[in-house]
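What follows is a set of notes on a single structure, which appears directly below.
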Amino acid sequence: MMSKLAIVVFSGYGHTLKIAEAAAADTDAVLVEIDANGDLDNDQWQQLHSAKGIILAAPTYMGNVPWQFKKFADATSGLWAERAWQDKIFGGFTNSSSFNGDKQITMIWMQTFAAQHGGLWVSLGVLPANTKAAERDDVNVLGGSAGAMVQTPADASVDEIPRGDIETVKIYVARISELINKLS
Amino acid sequence: MMSKLAIVVFSGYGHTLKIAEAAAADTDAVLVEIDANGDLDNDQWQQLHSAKGIILAAPTYMGNVPWQFKKFADATSGLWAERAWQDKIFGGFTNSSSFNGDKQITMIWMQTFAAQHGGLWVSLGVLPANTKAAERDDVNVLGGSAGAMVQTPADASVDEIPRGDIETVKIYVARISELINKLS
Amino acid sequence: MMSKLAIVVFSGYGHTLKIAEAAAADTDAVLVEIDANGDLDNDQWQQLHSAKGIILAAPTYMGNVPWQFKKFADATSGLWAERAWQDKIFGGFTNSSSFNGDKQITMIWMQTFAAQHGGLWVSLGVLPANTKAAERDDVNVLGGSAGAMVQTPADASVDEIPRGDIETVKIYVARISELINKLS
Amino acid sequence: MMSKLAIVVFSGYGHTLKIAEAAAADTDAVLVEIDANGDLDNDQWQQLHSAKGIILAAPTYMGNVPWQFKKFADATSGLWAERAWQDKIFGGFTNSSSFNGDKQITMIWMQTFAAQHGGLWVSLGVLPANTKAAERDDVNVLGGSAGAMVQTPADASVDEIPRGDIETVKIYVARISELINKLS
């Protein structure tokens, strides 16, 4: 069965996948996981084609998405030329070990990729928690705006991802899901 | 009367204003022109508040919007904190003397500003004209994707703005106008 | 007396100025403070002309430097055309209330401005503190790379700027100062 | 023999390689070509380690470097943690089919990658040719600033790359080469 919302995800060590799973569980989103060689199978491509919205989900490695995610992006150049994804809804989130860690460079590229496909980009839509009283588990304590950001320490397991960051992604994915239903 | 679509524009030498006027003439968009001191009057702020969509229009000076446009942006920080513009539709276009001329840095900032306000960003949605047969007056010959780009030589008058670039902006503004009508 | 290193700074509420003062105290850097109207006087312009290195220092407001800092940048367009600052050394730092808060958009613009003037951009050059053991006062706990980042909560006074962030800026300014001496 | 300057290049269809070869011929730069699987051999890694300067050279595909180039970048994460490339000189150039074509997103990432490694980024340092009299074969007619840009139409062969764009890259590589000699 095809879903209106797809989360296309690459995860090197399982953190980003776990976040994506948590977000998908609250909506009807389908996970489309890019494999270790940067490939998708035909059914996965169909999921993306039929979705009204696509959420880009990847860690930030060396200032951008991992090469496997970029390989997926490069493989869409024919779809780009055919305008196959025109007017789809897009969003994105990324995880890295530092509070900043150049996550925003990843977000800029994600917005650019969505724009090339003729998409609409949905912002996070949540104010940051940025006063002295703010705590690590607050929603959007990292202060993202274009999409959702997650910071997992370099030596933290998949069970140690900050809860507030996961909650931020869940709120964001729910926002995109609602928008898609409204537009349908 | 309030319009569903507003183009908030600053123009140092008249080129960007002329482009905005051409685009507005085809739609029901209202022009909200920032003055030489970076200010808007109360009626102009009301136009922005009541609009469902806001198009950001400015030349690129020294790698970003002119200070007057940034002064307008800084003046929206209270609106940002109140989420007053949440879920508005945004787009943007920029003009500069070079084909690139760091126009894309302006576009990235425009997308960021829209995201901070909780907006949806509409991409250009038009393929570039990028073969050997492409001509200067083709639509999107500059190859923008996030928004519309215009290149007017440094010594060109407001009557010498390339026609294809103006046409690109018109197509883009019409796309945003249609989307707003669809969402209403 | 002219200094080899200038820190051109705008500060809306005193935080960025205090950080710049702390960094300048350790080196021979001169502070060039942009006034509330975005202007510099002739002596200040001379300080910038004679410096071999210029550090750009500003808070991030609405996703970029404040309008006053951009007004300064716009005022350098004649210098740009004359290549007056060609081959100068550049760096930059920014402060905002959130961990991210779109500080990186400011950094991208600062790098672009430096590049337009034909400059060399010096990176922070310090690894992030990004393990579970990392503490708020560690050097580069924010995880910047292009320049130095400071996060001061929205309701924090100038005496409550995180010490580790100030130390990060001091290390960065010292790095730039040493490079200038090496190149002289 | 090891060279002071290395150009690490990936080329999908030969255009970027041809430009890199033209630039290297004028200097003592060594070409380090990433293969179709995104890999380098040990000798190539040694060339990069021993070089004082590294120029990043890649086409822009879907808004950033091709996945093979990103795979190379991802493979440097251990070097990043060891600060193995600290204080190297960096520059970059990119080719795509459109005048803009989101080349600047590639340039931003290249600058970020260089900064992560603790490098110094060298700007293009050449004014744009942007008056009405400007011709397609002028130096920097594309109006880049952070690095050099090349626009080759989608259907142009490797023998049809605009001469002025190649000349722009050559001037830029010579500038970086001279700077390295000055710093040695």
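In order of appearance the chains are A, B, C and D, and numbering begins at 1 in each one.
Definition applied: contacts are C-beta pairs under 8 Å (C-beta built on N, C-alpha and C of every residue); 3 or more make two chains touch, one makes a residue touch a chain.
Only a predicted model underlies this, so the values are computations on that prediction, with no experimental measurement involved.
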- prompt: Looking at B-D and A-B, which one has the bigger number of contacting C-beta pairs?
  reply: B-D
Message: I'd like to verify one number: the distance from the centre of chain A to the centre of chain B, where each centre is the average of its C-alpha atoms, in whole angstrom.
response: 27
Message: Taking the mean of the CA coordinates per chain, how far is chain B from chain D in Å?
response: 32
- prompt: Taking each residue of chain D in turn, which ones touch at least two of the other chains?
  reply: 63, 102, 105, 108, 112, 116, 145
Message: Which label fits the chain touch graph of this model best, line, ring, star, complete or other?
response: complete
Query: Within the complex, which stretch of chain A touches chain D?
result: 38, 61-68, 70-71, 73-74, 76-77, 80, 102, 105, 108-109, 112-113, 116
Message: Help me check something: in the complex, which residues belonging to chain C touch chain A?
response: 63, 96-105, 128, 130-132, 134, 141-145, 149, 151, 153-156, 160
Field: chain D - residues contacting chain C, complex
entry: 81, 83, 86-87, 108, 111-112, 114-127, 145-146, 179, 182-183
